[in-house]
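Going by the order they are written in, the chains are A, B, C and D; count residues from 1 in each one.
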Amino acid sequence: MYCFNNDYSEGAHPQIMKALIEASLDQHSGYSMDTHTEHAKELIKKEIQREDADIHILVGGTQTNMITISAALRPHQAVIAAETGHINVHETGAVESTGHKVLTQYSPDGKLTPDLIQKTLDWHTDEHMVQPKMVYISNTTEIGTQYTLSELESLSRFCRQNGLYLFLDGARLGAALTSPINDMSLADIARLTDVFYIGGTKNGALFGEALVITHPDLKPDFRYMIKQKGAMLAKGFLLGIQFEELFQNNLFYDCASHANEMAAILKKTFQDCGFSFLSDSATNQQFPILPNDLIEKLRESYEFQNQQKIDDSHTAVRFVTSWATKEEAVRRFTEDFRRLAGK
Amino acid sequence: MYCFNNDYSEGAHPQIMKALIEASLDQHSGYSMDTHTEHAKELIKKEIQREDADIHILVGGTQTNMITISAALRPHQAVIAAETGHINVHETGAVESTGHKVLTQYSPDGKLTPDLIQKTLDWHTDEHMVQPKMVYISNTTEIGTQYTLSELESLSRFCRQNGLYLFLDGARLGAALTSPINDMSLADIARLTDVFYIGGTKNGALFGEALVITHPDLKPDFRYMIKQKGAMLAKGFLLGIQFEELFQNNLFYDCASHANEMAAILKKTFQDCGFSFLSDSATNQQFPILPNDLIEKLRESYEFQNQQKIDDSHTAVRFVTSWATKEEAVRRFTEDFRRLAGK
Amino acid sequence: MYCFNNDYSEGAHPQIMKALIEASLDQHSGYSMDTHTEHAKELIKKEIQREDADIHILVGGTQTNMITISAALRPHQAVIAAETGHINVHETGAVESTGHKVLTQYSPDGKLTPDLIQKTLDWHTDEHMVQPKMVYISNTTEIGTQYTLSELESLSRFCRQNGLYLFLDGARLGAALTSPINDMSLADIARLTDVFYIGGTKNGALFGEALVITHPDLKPDFRYMIKQKGAMLAKGFLLGIQFEELFQNNLFYDCASHANEMAAILKKTFQDCGFSFLSDSATNQQFPILPNDLIEKLRESYEFQNQQKIDDSHTAVRFVTSWATKEEAVRRFTEDFRRLAGK
Amino acid sequence: MYCFNNDYSEGAHPQIMKALIEASLDQHSGYSMDTHTEHAKELIKKEIQREDADIHILVGGTQTNMITISAALRPHQAVIAAETGHINVHETGAVESTGHKVLTQYSPDGKLTPDLIQKTLDWHTDEHMVQPKMVYISNTTEIGTQYTLSELESLSRFCRQNGLYLFLDGARLGAALTSPINDMSLADIARLTDVFYIGGTKNGALFGEALVITHPDLKPDFRYMIKQKGAMLAKGFLLGIQFEELFQNNLFYDCASHANEMAAILKKTFQDCGFSFLSDSATNQQFPILPNDLIEKLRESYEFQNQQKIDDSHTAVRFVTSWATKEEAVRRFTEDFRRLAGK
């Protein structure tokens, strides 16, 4: 049985594990006040070309979304997301648990646009309704799509004109930045958003999301928010060490490139066999629409998730690759798939 | 410079690091649904002699306190704690951030008693005040003291008679259970409380707190609460592996015993030199009251925290040892201390 | 200028004002523990034929929705509403401010059905998503439509089968119960829902909503919730006196009947002039779709709200009548309208 | 039976009831956007000599405290109060329900001082603890005492130096301002605090608390907060009319003076009979310490509350007078008391 059901099945890249072992018996300052974290932040600041950014490395994505959004908003303010946005669907109401409404717009490709945001603004005009104040996007999105530089520029301009904070969830940012169709850099993202994070959990680390705050209004007292939400890791140096490794020797990009390459093989296999996709993804999540009987046969040897029922005999399924996906497993899958699909 | 300022300066016990490395490239189910976590839970259930317990392994202590308390209480209900209780002081209002008041009683030794709890109950009698529903205790306490079996039995009886949940914060439970004056077992704690946790972060693990729920009312839907508060680790197998190691071959107890033994050497040193203590601790936290000029000299070679000003020339300070504290460092400290103290 | 923009422009029915004056200099017990409130509850219990109900009279609707929903749900649970539901749109995120997500379904007539609710249930299946636990409906709805007895029975059966609480917002319940197409009684509603309220603010009272709780799980400690949310009126006897009057001598029904009759005249006027409606309402809110230039002319003498843009030259507007609407004003409007509409 | 148990037993002053009746059949704009409210605000601004103040008239005290505090604080911030502060004791955790900790200091006279606040600041120094940001005082206090101008000036100076908002709960502000020992005006309070309110519920109105915001940081979007917490009264003109009356023809001060005068008679009675007091109050709440057997006899004809057990045979009780307290009842009480006390 080989798992394509997510990108967090394995531990960490061996280079990261090695660094963790080596530092394990040293004494470190607690709560991310250690030298490894300091160094990791320097590396990230250099990469994003923003010396003025505040950086906090947190353990997980839901935690990071919840803390960032609740730290930014006053009680009556809301965040706008695509209907498919992770905060709207798969975080058990974490944002609402901090008191804030998630306002959604339907978007077939999982991306927000100024027009969609404007629709929400048009509707929310007085104190009988919540006040939209932040825009949440994810890159890659929950369905594997990604923003172009021009799309992000346009969103950024719109948000600034309308007094909205722009927050980019980068749980799978590595996959976006190394995809064949990507045309932006971490520095672009730092320039165009107000706050974003660089996902480690799904890209080589045991865990860890590096939150980058560039908007000055969002910086004050952020460590209080981390602590209050139970997210301040006692041994914060573990986070620092992992991001040191990710941002040395190109590891962050190498891990993501590998994941995308493995997904590209899967994508080509599905395409060659004549299947269509739920979304057009150039990244490590692929959503082919397959016949249910083929899905059943594949499940004898492979794990993957159902995404959405298409009709009585077809289902869109999700295949995910990662830094740890073995090429031989992908090759074997390709052979098995072609055979089972009769192509 | 050697650090006695906390028990989370180092990484994990080598045996745990080894297990983490070995499993790093395997594929595991996500979100603590893996086989390592399953095994760790079995080991803990056996140790506590409660097959019916629900166990959830979480990353950190504040997180565990916040989730447990907010999952147990209805909106108008409150938790009772000693004034020194971690939830009252050092968690940045995490409990209040979920909507609940922490009701406190002053207790010189950091422990609650039925009499102290009764005082709070006497005062809270109608709907114009919050309704006390849970009692929070820590063992060891924040000032190194610990409960006896008879004290815990008496608290347990009182709480059950008064419809109060009894929750024991065991961030330093290892230290309590291996102290020379301890007279209770994990099985006793499981029997006498409604929910408690076994601390890993401060006792050999990189991180991890194993929450044990025995009261049936506290079990339903607990995983929803974990996820909502951003505390469901994607790679939950990391937690499972660590607790597998802690509860095999006595590692949990060995780590804590070592910490207590190192602290006993420090304690004897302070006593021999004629100093008194803020609290009477037989565990890995010691709070000697020292002259300020001596403290200043010690700080040239050792890190430790101020706990409390005593008078203009004396301060109670905190020395903490852990599974990783080196005996040679303790011996060197002893010599340095005797010399500087002029004894 | 005459106002049709809402049903809370005037104070209270003279019979209610008289009762308030008469009791003003008496001494009453505070916080709704007075004899008038006791009597009002008895009158309501008789009307709904449920001696076992718990009744609490609150000041306003948003307050009542927020308290009822937050008292009923555990932190990870959510309430299902129509997209147009008042709690989803016009309460400034009050429900979310207590930590709970509002899950919505689009419904053209503002009413929920078992099929729509089932869609939400199908989607919410594990701990990565909120758990639906309550269904919120309003009668009349926000767009003037209303449930039939058979629809309510079907919703009630579905909710009980699926472990969902059924909550009916009756801010305009009088209008529903006295409409020409109504086929249910207050007793039916008490039997088929788990909790509902009888609106006074929009039906003859200065303010006041009588919440009726029939489900035993929703009763405990409800007064704590009222107090905690700042909703316990010191002079609660003011609420009791008003509901005493409403449920004596048929005043509640008379007030609502008058409002509906006035609206029926408006409706006939719009129909006679050939205009269509946004929704099919037999109650005190009418939503005709009118040409923008006609709307502009009407605004010179009448106040009413825009509901929704239909196309570049037409808008759906809202006309609301109440117990206080003067028949002569409606007659005058009718004449003005026919003249301005050129019919 | 005559009630001295609180100052909200009766309805409203006849002058207010008359105004309510007269306006009852007029059409008013909803949600406090009406002309009466506008006029009331103008009268209050004139009285406090602050044209720049934002004024919002709310229904009740707990509501006003909860909204004001939660609107002012970021999630990690806390409010400082005396242990006896209404928000700490008698609001069922309303402040905590919005996520904020109430930090308390023991104060025998129920008043805060710079020294007491400094103690809290000294303790709260980093992100592991909540951040104090607001100071809550009440005038009169919950035990009938009151601030002098010089005390308020000193608090104001301290709060401004330390970046703390100063919030004065004026539920019984009338009693303070008309007491024989008062030396400040509403204009002083407006000048020295950042936000405060003028209580109507306990001083002549059916209900209503006029919140005055002078600090510019606390003004934005306040109406959103009111609506979100369910506190925006549909018929807000009821609040406006009542404060119009209170601030015309000196009614606000006359009502409070009467209450204080009635209390002074009670106070003199207790003093003359040789009894001491729990607190030194010159206002409408008196807390004599009486023998339990005398208390029992008094209860046959009078209602009043127990405040605190003093010893096995004595209890401090609370007598409260109001604008509506009848002088003849007070005289009768005086006679009864002297007789029963055997003096």
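Note that a contact is a pair of C-beta atoms (placed from the backbone, for glycine too) under 8 Å apart; a residue touches a chain by one contact, two chains touch by 3 or more.
The chain lineup, named per UniProt: A, B, C, D = Aminotransferase class V-fold PLP-dependent enzyme.
Quick caveat: nothing in here was measured; it's all calculated off a predicted structure.
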Report back the single chain whose CA centre is most distant from the CA centre of chain C.
B
Contact-richer chain pair (by C-beta pairs counted) among A-D and C-D:
C-D
For the pair chain A and chain D, the C-alpha centroid-to-centroid distance in angstrom is 51
Separation of the C-alpha centres, chain B versus chain D, in whole Å, is 42
Cα-centroid distance, chain C relative to chain D, in whole angstrom:
34
Pull out every residue in chain D that's touching 2 or more other chains.
75-76, 91-93, 97-99, 127-128, 130, 224, 227-228, 232
Contact footprint of chain A on chain C as seen in their complex
75-76, 78, 89-93, 96-102, 127-130
Touch list for chain D against partner chain C, complex
2-3, 5-6, 8-12, 14, 17, 20-21, 23-30, 59-67, 91-94, 97, 201-202, 206-207, 224, 227-235, 237-238, 324
Listed in rising order, chain D residues that touch chain A in their complex are 70-71, 74-76, 98-99, 127-128, 130-131, 221, 223-228, 232
